[in-house]
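In the part that follows, the structures are each spelled out as structure tokens.
In the two assemblies presented below, subunit A is common to both, partnered first by subunit B and then by subunit C.
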Partner chain A sequence: MGKLFAVVLTIITVVSTAIFATRVWWLPTDISLHGPRIDHQLVETMVSCGVLFVVSQLSLAAFAWRYGDRRDGRPVKAFPGGATPMVVMAVVLVGAEILALTFVGAKLWAGIYQTPPDPNSLAIDVQAEQFAFYFRYPGPDGKPGATHPELMNEATENYFGLDPAHDTTARDDIVVPTLTIPVNRPILLTLRAKDVNHAFYVPELRIQQDFVPGLAIPLHFTAVQTGKFEIVCTQLCGLGHYNMRAYVEVMPQDRFDEWLKEKVAQQ
Partner chain B sequence: MRTHFIAVLATTLVTGGLVRPAPPRAAGTISGKVTYTGTPPKMKPIDMAKEPNCATAHAAAPVLTENVVPGPGNSLRWVVVYISAGDQGSTAGTGTIRLDQKGCQYIPHVLVLQPNQPLDIYNDDPHSHNIHPLAKLNPEWNRSQPAGAPPIHTKWELAEFIPVKCNIHPWMHSWQVVLTTSHYAVTAEDGTFSLSGLPPGKYTVTAWQEQFGTQSQDVTISGTETKAVDLVFKATPY
Partner chain C sequence: MSHAPVLEHAPPRGFLRTHVFSVDHKVIGKQYLDLALVAVCTGMVLSWLMRLHLAWPTLSIPGLEKLSPNGAAGGVITPEYYLSLMTMHGTIMVFFVLTTAPFAGFGNYFLPIQVGAEDMAFPRINMASFWVTLVAFLVLISSFFVHDGPALSGWTAYAPLSAVGKDAGPGQGAGQTLWAVSIAIFCVAQLLGALNFIATTLDLRTRGMSLARMPFSTWAWFITAVIGLIAFAVLMPACILLILDRVAGTSFFIPAGLVISDRLQPHAGGSPLLWQHLFWFFGHPEVYIAILPGFGIISHILPVFARKPLLGPRAMIGCLIAIAFLSYTVWGHHMFLSGMNPFSATLFSVPTLIITIPATIVTLLWIGTIYGAKLRFTTPALFCLGFVSVFVSGGISGFFLAQPSTDVYLHGTYFVVAHFHFVMGVAAMFGIFAGTYFWFPKMFGRLMNETLGKWHFWLTFIGVYCVFMPMHYLGLAGNVRRYSAFTDDYLKPLIPLHQFITVAALFTGAAQLIFLFNLLRSRFRGPKAPANPWEATTLEWSTTSPPPFDNFGGHPPVVQRGPNEYGVKGAAGDYVMQAAP
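Moving on, here comes the complex of A and B:
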């Protein structure tokens, strides 16, 4: 039985390591400027955890193979000092590894999320609600209109609660359900939630950020590749959560300008 | 004596309380047109990118918002015109009313029914919808209806103007208007309407538009005449 366990454990270890090592199961292609740093950190984390995983699993398999079928109940050898120093040592070693990964990861995270956005960023407001995302561009005047929650009305497509009757800056605001952005230009999103917690996750952009009701959360990035990618909500937000998605469409600057003109004309 | 009693009873049955008298044959009609003055809001194209089935279905001609649907000659579509006071000769609604969800739209945009009149709601799309009537006087409910699910059989008990939304597709919006009178109409594309079968009397005709509110007018019908009534809303672009 001990030998069978050792064989099964070895197979599981080799197969699961191979899945990651050969990148059969991996993130989609990165299309963001900051993405390579995330991917590099992810690889470092996977390698350090992976080495420990392989060593510990194979050691376990080796011990199970060698001693698993003994039935006399005699200890082979005792850890020096007994069980207590063994547990303390394990906690310290594992703790040190987790702490090291946390520090390295936090530094990287802060370097992306906590740095100020480029002053020339294209500012877009994002509103998440059950069960859709909406994006608002300030329009030709460059000023976004004030929002009034009591004026939100889905029947008139007033998802942000704008007051065009009294607020002239709101009249040219463009509200769309697809995040349309130019390639190679810094983008600054401000995330707001209308009802409950939601999340903005675009695997290709290497971005995942929660929406929290009552908070305006800034998020900046630059896409370096054109294409259409899915935005999904990764916070369980209600009955229709499974269907809460939108798309980000990254296009060349000239096509983006045309798109913007077309939207302005529709206002 | 006995013969006399039977004769009296028969006369009472025929002419009196046990047999309901037929409504008077003389019935008039109110017909006309609902229009607006001023500038109505633009009908905006709806982007259904979130639901690829619907986005593809409407790729050639995007669906437009229907909160205000202007037509030729400043007419207004989807306005409910009904007798709001002086109603007589109304009958209970018995026929089943149908609401469809097709191409991520509610069809029709405005439907009228009477208390306890059967309403069947169908999902004709290859994906789920979630019907959510935002009733205040009647009990509010919301129900999921997956693709291929049987129709939802329901009804409303109280008169009310009920906005309806889909919890999955925020742009889907419609109205279910529950009226006690059977004298009602929803304006056509050219804003016209007709209320027929009105016994002689004095009536108040009210037109209801989801964004502009109501407009009323008093009308007196005598005999079988047809009275023309035009109702005008003041439109604002926002």
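Moving on, here comes the complex of A and C:
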């Protein structure tokens, strides 16, 4: 039975690891400026955890093979050196790994979430609601209009609760259902939720952030590749959660300028 | 330490007092285990329905329409009903299985016997804690039968979705209120239970049973009780505040200016993040409430079948205490992306990573115990080895989620689902299985069938890897969790992998029927068990199978040594029992 356990566990370990290593299923291509460092941290973690996984599982398998169903009459023997070297080894090795991961990872995290955005960022407001995202550009005056929850209305498509009748800054605001951004330009999103928690997740952008009702949460990134990618909600928000998505369209700066001009003209 | 007889109650008379409203910790332990069995069957059926829907969203499931005419018209699960099934699956499994069975069930039955006591310190409170748990379960199940269905905001019930009531859509009416009421009641039961465990361990140990001589399982239940006492004491008021937000118009978790279904909500001043902090302050220790009894059970059982002492007994207990302490410092790792101050993410990340050190040590101690052993491959031994394997698999993926910089990508994906199912679901279940096969002879005086037990192990062991390992791959590919269907373009290529997981889940679930059959049949028809069938050292094996009402027939044992005396040269057999002169 010990040998059978060893064989089954070895097969499980080898197959699982091989699928990770050959990247049968893997992250989509990164399109963000900060993404390569996240991917690098993920691969580093994957390699060290992979070694730990394989060594632990295979020692379990080897010991089960060697010491299972023994009928050789020899007495049991203690682990060489007892528990102390093992404890010291775990503290030193895992501790070193933790220090290394934290040192690199904390800087990386701080670079994305704790650093102020570039002052030249393109600022866009994002409003999440059951079950859609809307994006607002401030228009030619550069000032977004004030939002009034009591004016928010689905039927009149006033998703942000703007008051163009009284508020001049709101009149030129551009509200669209697709996040359109120029490539290679820092983007600063301000996330607000209209009703419940939602989340902004674009796997290709390696960015994720919750929307929290009552909070305006900044999120900044730079896309370095053009294309159209899905924005999905990752925070359970009700029955339509699975269907809550929008697109981010990354375009060259000149095309973006044209797009913006068109939108302004439509106002 | 008390040496005098601790209880004066005589064996009860009459069926009701003996088997139903019993104050005997052994009966209460079995009642908890029976409740957990009903709960786990319910939770598993819910997971089958979810898995079937994920793989084949338009599939009509016969009979389902009768249970929920709205949620499954024509037998096809609606998106909202899927979320209800998911919420109920998580809630039932976490609270009524993973907390109830390994801690309240086995702990109730064996903690008093293992310390040489006649019963728990407060038998009536003990009985109350079981009946209160049952009420909590019935309240939760009743939500299946209310008009707009059970709660659907997940087992974490994030506010304001869970707090604003009917405007937020289906599942936010009576179902969500019943959810919060059920969990608040459950907390009361757990607090009563935890007090009893702590008092019994500290005050009712028999002569010679110093703390250092307590079995590892007793240590684990004791530490778990301490964790539970603090954790449930926070969750209960949180649930009460949630109920008040829902029914009394308060705004603990609801800020101003929310517009739901085109209606401005009459709330102001609350914080959705407050709920998350309160919930996870309970929620992360809860993971250890589910798994630490498993640690204890494995550390208790492994030496019995390795026929040698557990490696590093003091290191093991030190690690359990370290994990318990650290479990209160890590809750924010569930909230890296929640909108909490990003500075605190790093702060929560460090203790989360540090907790891997004691977790690694205990794993190495188990593996080191097998080194040089004479392993007897009984069913409980197999489940012990399986436990170590699945715990390693689940624990390692924690490294990815403990770091905010990699969590940015993996948060909210199936990678998380894989992680927590392996580490607190499957590992804890393997601990429960090991405990059941190991202690069944003591509890029922009969042996379980070993052949069926081994079939159960092999099918389950291979099955769980087929179900949960691929979820890591889904997570890496960016597959978002809590989706009832995969309509996003980038998720469509992953559907075949989901179908594989569904088939594996049905297969693994079917394998549990072997366990169920073995359990029920052996309870009545299994061969008679001797007092100590496994040649183990601890006090529960010094008494008859099953033990008499006062556990030791009026002669409390006197303990002479620790529980770890295996592979002893010169001893009759190769072990010395704790109470042997």
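Heads up, the rule we're going with is that the second predicted complex is superposed on the first by the 235 of 267 C-alpha atoms of A that agree within 3 Å, B and C clash if a C-alpha of one lies under 4 Å from a C-alpha of the other, contacts with A are read in each partner's own complex, and residues count from 1 in each chain.
Keep in mind that, in the parts below, a contact is a pair of C-beta atoms (placed from the backbone, for glycine too) under 8 Å apart; a residue touches a chain by one contact, two chains touch by 3 or more.
Every value quoted in this text rests on a predicted model; they were computed, and no experiment measured them.
A count of residues in subunit A touched by subunit B and by subunit C gives the higher number to C. Contacts of A:M152 after superposition: subunit C is touched, whereas subunit B is not reached. After overlaying the two complexes on the shared chain, residue contacts for A:Q266 are found with subunit B alone; subunit C is out of touch. By the document's definition of touching, of the two partners only subunit B reaches A:A132; subunit C does not. By the touch criterion stated above, A:R245 is placed in contact with subunit B and with subunit C alike.
Of the two partner chains placed by superposition, only subunit B is touched by A:P164; subunit C is not. Looking at the shared chain after the overlay, A:C49 reaches subunit C, while subunit B stays out of its contact range.
In the overlay built on the shared chain, the residue A:T234 is in contact with subunit C alone; subunit B does not reach it. When the two structures are aligned on the shared chain, A:Q41 is found in touch with subunit C, with no touch to subunit B.
In the superposed model, A:P117 lies in contact with neither subunit B nor subunit C. Touching of subunit A by both subunit B and subunit C, each in its own complex, is seen for residues 129-130, 154-155, 239-240, 243, 245. The touching residues of subunit A, when paired with subunit B in their complex, are 129-132, 154-157, 159, 164-165, 171, 176-178, 239-240, 243, 245-247, 266-267. Those residues of subunit C whose C-beta lies close enough to touch subunit A in the complex are 78-80, 83, 152-154, 158, 160-161, 164, 168-172, 254-260, 262, 264, 270-273, 306-308, 311-312, 315, 337-339, 342-343, 345-346, 349-350, 353-354, 356-357, 360-361, 363-365, 367-377, 382, 385, 388-389, 392-393, 396-397, 399-400, 403-406, 408-409, 411-413, 454, 458, 461-462, 465, 469, 472-474, 476-478, 480-490, 494, 497, 566-567, 569, 574.
Those residues of subunit B that touch subunit A in the shared complex are 41-42, 44-51, 65, 67, 127-128, 130, 144, 163, 165, 167-171, 173, 210-211, 236, 238. Subunit A contributes residues 1-2, 5, 8-9, 12, 16, 19-20, 24-28, 37-38, 41-42, 45-46, 48-49, 52-53, 56-57, 59-60, 63-64, 67-70, 75-79, 82-84, 86-87, 89-91, 94-95, 98, 101-102, 104-106, 108-110, 112-114, 129-130, 149-150, 152-155, 161, 194-197, 199, 201, 203, 206-215, 217, 230, 232-243, 245 to its touches with subunit C in the complex.
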